[in-house]
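The following blocks contain the structures, represented as structure tokens.
After this come two complexes, each holding chain A, first together with chain B and then together with chain C.
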Partner chain A sequence: MLGLDKKDTTLMLVVAALALLAPFILNPFPEGSAMAQFNAGYPDLMQRFAIYGILAIGFNILFGLTGYLSFGHAAFLGVGSYSAVWMFKLLSYNVIPGIILSVIVAGLFSVVIGFISLRRSGIYFSILTLAFAQMSYNLAYSVLGNPSSNFNLTNGETGLQVYASDPQILASASAPEVPHLFGVAMRSSYQLEVGSWLFTFNAGYYLCAVILMLSFYVSVRIFRSPFGMMLRAVKSNQQRMNYTGLHTRPYTLAAFVISGMYAGLAGGLLSTMDPLAGAERMQWTASGEVVLMTILGGAGTLLGPVVGAGFIKYFENIFSKINEGVLHQWFGFLPDGMESAVIWVVEHFVGPGWHLTLGLLFMLVVTFLPGGLVQGGQHLWRLLAGKSRKEEHAKTETQSTPAE
Partner chain B sequence: MSKTDVTRRGMLKTGAIAGAGVALPTIFTASSASAYTNEPTGSSVTLGFNVPQTGPYADEGADELRAYQLAVEHLNGEGDGGMMNTFSSKALKGNGILGKKVEYVTGDTQTKSDAARASAKSMIEKDGAIMITGGSSSGVAVAVQGLCQEAGVIFMAGLTHSNDTTGKDKKANGYRHFFNAYMSAAALAPVLEKLYGKERRAYHLTADYTWGWTQQESIQAATEAMGWQTVNNVLTPLAQTDFSSYIAPVINSGADVLVLNHYGGNMVNSLTNAVQFGLREKQVNGKNFEIVVPLYSELMAKGAGKNIAGIVGSQNWDWKLEDEGTKAFVQSFGTKYGFPPSQAAQTCYAQTLLYADAVERAGSFDPCAVGEALVAGDSSLPGISSDSNKGFLFDGLGNGQTLYRSADHQCFKDVLVVRGAENPSDEFHLVEIVEVTPVAQVWYEPDHPMFAGGELGQCNPGA
Partner chain C sequence: MGILEVKNVNKRFGGLKALSDVNLSIAEHSVHAIIGPNGAGKSTLLNCLVGKLIPDTGSVMFDGQSVLGRAPYEINQMGISRVFQTPEIFGDLTVMENMMIPCFAKRDGAFELNALTSIVKQKDIIERAEHMLEDMNMIDKRNMHAASMSRGDKRRLEIGMCLSQEPRLLLLDEPTAGMARADTNNTIDLLKQIKDTRDITIAIIEHDMHVVFSLAERITVLAQGSPLVEDTPEKIKGHPKVREAYLGESA
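Up next is the complex of A and B:
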């Protein structure tokens, strides 16, 4: 289907199903129950899952295929966000121009950064991209963002936002005063009550989900194309390719720009869902987060980055909100002394301590599942499907597998 | 080969689908039957406390959270009632808000606009919070205020000192109890004149973000008006921890006053560096070299230790004040936590009570009705003749008589000028009150140039 082989079609269908049914999948616990704390099916988080999924898919095209580890993808995310908000400020709250411009601007930006950074490889490339991203962050945070100067491009720490006094030359009186797609406000939702369950279908989320599916499809096509093969070759031995007379830089630059555009798209969508672009989006921690997502999920796999993105965003938004009051509810059944002891321990891993939990998980994954969560999933699947290792061994032994 | 058969049945089907497509927007928007966002229907109501739990302002955030928890207890009729007993409005009965038990959710702003908005959004969308409050940075407060305006809930700002929060970024759904940079400057200038004279040359080090800029602008304007000169203004990155390279040039600049427009950890570090460089023992232009820290807090004084002795600044509130409200609040806060509250805690506690009281008086959680009750009214502060001197006048929340001004949703009250104690008796007495500047002296019109450019807009009930 659509130029995909059978296996990829299944994968594509799985992603589509996950994306479209997310409101059900992420809200497994009934409202008002103790477990409702762990529900993730509210618009903001679902949007974040999809958007950071797109970002990680794009990052994976660069990192997973060519092995070039960029520490500067947050810059493209930020540039995309700012572009989209500027479109809201100048044209109207319709999201289409914003999304398109964010991709274009991030593309141009990544051509410039990529052209310079790709002259080096390995750690030097990483440091160069990191330097560019930090530079962009500082420019956005103060140099280009002083509200009292004449040239206020980013509005500094406060973040770029839309004011009532902005021109919005294409705005029509009937359109809503929030980002919308031809009149459908991104924040509008339809709520479905089934028994004590509550499912929320949000317009903005479905826009993100559709774009996520498109992005995933494009990524699959790139992975399976001759171009993708070339990128893999760069990863395994760039020097050898150069010796054969092949100029690899155009390929790596193309991969860099594509992944930069993905990041720009994600940034544009972030602004579309919430029309305020903050400079923190460009900080090195944000760049590091993308790397974590990709590695946690499984670098170089198709599904891994999306899984990793979802995982990290879930921790950031759900675990960080478990406070002492909630813990007291959970452990209230314990005797007093024990209750406070247990809470004292658990407290360090939830709420503000969610970073610690994530760090531990990251260590476990990297140590025991070098292929990321996707590898863990495959192990699990094999166990469940009952396919014995022997069977598989027998299969692989008779087959000669092409080298990766 | 394609085949196109146009049948009556096919046409009907297509029509129905197209119709559904056109009707989609109305289905989506008309879904919520309630009159406003997160209308509480059960026996409880949820408030969202969005404070920094990690990052440079985590200490302030922790104290804010303590104050919120205390306020919730008092609203629900537990504890000793704190400032509810001294509050001039008697609408609160200690049975929750409008008879509904008060519950709360917490979130971490990380002192980042993005993270703060994400956290506030999840409170509104997932937990059904009817009001968001908190924040310990002006950038975050402005960002979250904008979000609350769009979502149609009330935002009660916590510790935010920038002029912009109720200036060019003001919003109809946002309310601020804390004072601002302009008020700090207006209160400080006369004291500085009295202490250090009219002929001074000031050197500014300013944190390079929204708050730092408005703070510096305000202080410069106020000090220049009384005759001081401004030698230089150097912007320092927020993440800076070592200020030696910024202090060294001050020594040879010919300046005799250093103004540190820094807050939190920034201020602790820059002040320590300045003292280490021997600035305080220096004589310039035949005068003693002085250091001024416009925005002060007990938490910062604790961090700076001995270096804070004798340094002048301003505060919104201090636990050593003698009025009934302050006493009651310090009493119940101290009983629960074992130490006196910071000014961040006081403003957050007051904001929670003010919100609850407005809901009681409005008889509804509808943000527009609540907003009306919060600031609308014809009462005015005595002694100030101005058309904008109108709003909701209250007393007993620790700052004396206070006006919630309807023109820009900013509270007007007395401002404290404080000084680091020379010989503090214990770690809770690091700051002593120099003067209580009367509100008339820090009053400004809503269209003052430092606050101009924004519009409140229309109150948004959401849904």
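Up next is the complex of A and C:
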């Protein structure tokens, strides 16, 4: 189907089902129950899953296939965000021009940054991209964001947002005063109550979900194309490539630009969620986050980056909300002394301590599952399917395509 | 005029004169061996032919065109393929994929943004790569990871990859180094077959005299960076200067 083989079609359908049914899948616990705080099916978080999924899918095209580790992808995310808000300011709150411009501008940026950074490889490449991203951050934060100058591109610390005095030349009187898709506000939701369950269907989420599916589809096509094979060849042996008459630089540059455009798209979508773009989106921690997502999920696999992005965003939003009160609720059944001891320990791993849990998890995955969570999932699947270890070994050895 | 003309090439590494006034002419459709003791400058000379090194002075002409100043991929696209002293293949890819990549390079040139067509649809490339694997006697290994093969198989694959580009000049740097006798003999047979069936010129660097005398039509002896003699194998065998500089040492 759609130029995919049977296995990839199945994978695509699974992703589509997960994306479209997310409001149900992520809300398994009834409202008001003790477990309800583990529900992730609210619009804001679901949008983040989809958007960071897109970012990680794009990052994986560069890092997973060519092995070039960029530490500057947050720059493209930020550039995309600013571009979209500028479209809101100049044209209207319709999200389409904003999304398109965010991809184009991020693409242009990545041509320049990629052209220079790709003259080096390995750690030097990573440092160059990091330097560029920090430069972009500083430009956005101060140089290009002075509100009193007449060239105020980013509005500095305050962040770029839409003011009543902005031209919005295409704005129509009937359209809502918030980001919308041809009149349908991004934040509008439909709520469905089934017994004590509450499911929310949000317009903004479904826009992100559809774009996520498209992004995933394009990435599958790239993985299975001759171009994708060349990118894997770059990772494997550049020397052999050069002496086989292949010019590696345009291949790596193309991969870099494609992944930069994905990041710009993600940035543009962040602005459609909330039309306020700040420089902090370009900080190096944001660049590091997408690296973690991709490695955690499984670099070089199709599904890995999406899984990794979902995982990290879930931790960030759910684990960070567990506070002492919640813990007391959970461990209330224990005798008093024991309760406070247990809570004292657990407390360090939840709430603001969620980074600690994530760090430990990351270490475990990288040590025991070098192929990321997706590899872990595959092992588990084979165990459940009852295949013998030997059989599976023989299979992985003769695999001709990268695992999904 | 040979297909490859090297004139007055000099190359220095700091104080070391690795090549001094090298002149070499390789006739089209011949098998030309370059021999010499360790450190004689054989690999350095090869590196100057394929764009890995640029000579300090002198000229290197391939088929009437200068190769100097061109990048390795450009020189390869001109028709020179190289097999390395240690096999250089795509270890993370399968044998079949390894063979397909040079086929793509031959068909599409140095760069092609073929991002939305599927590999499985590239029937001509698949056919060509399979054909080459059959020629190399490796079709049963097509789905193996290239890195997991024996050294002899890797070398075979590398030679096959070079041949699938239909180069006019094939350069081999010690193709049998570190190989078992059986593998060495296989390689000799393979090279003989290539030479007989293809429109190709072969230049080979080799320490193994058995290989050299089984294949070469002309031999250049390199010692301390400059050619000592160039002649037919029969003449080289008995040449006193060669015995002194090379054969004596290696015996």
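By our rule, the second predicted complex is superposed on the first by the 389 of 404 C-alpha atoms of A that agree within 3 Å, B and C clash if a C-alpha of one lies under 4 Å from a C-alpha of the other, contacts with A are read in each partner's own complex, and residues count from 1 in each chain.
By definition in this document, a residue touches a chain if its C-beta (ideal position, glycine included) is under 8 Å from a C-beta of that chain, and two chains touch if they have at least 3 such contacts.
Everything numeric in this text was worked out from a predicted model, so none of it was measured.
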item: Touching partner for A:10 - first (chain B), second (chain C), both, neither; value: neither
item: Touched chain A residues, chain B compared with chain C; value: B
item: Partner chain in contact with A:250 - chain B first, chain C second, else both or neither; value: second
item: First (chain B), second (chain C), both or neither touched by A:187; value: first
item: First, second, both or neither for A:237, with chain B first and chain C second; value: second
item: First, second, both or neither for A:229, with chain B first and chain C second; value: second
item: Residue ranges of chain A touching chain B (in the complex, touch as defined); value: 39, 42-45, 48, 138, 141-142, 146-148, 156-159, 161, 163-165, 178, 183-185, 187-191, 200, 203, 274-276, 278, 280-281, 317, 320-321, 323, 325, 351-352, 355
item: Interface residues, chain A side, partner chain C - complex; value: 3, 5, 221-222, 224-230, 232-233, 235-237, 239-248, 250-251, 254, 258, 397-400
item: Of chain B, residues touching chain A in the complex; value: 24-25, 27-29, 31-32, 53-54, 58, 104-108, 112-115, 117-119, 121-122, 125-126, 137-139, 142-143, 146-147, 150-151, 164, 168-169, 208-211, 213, 217, 235, 237-238, 453-455, 457
item: In the complex, chain C residues that touch chain A; value: 50, 71-73, 76-77, 81-82, 84, 88-94, 96-97, 100-102, 104-106, 108-120, 122, 125, 143-145, 148, 161, 165
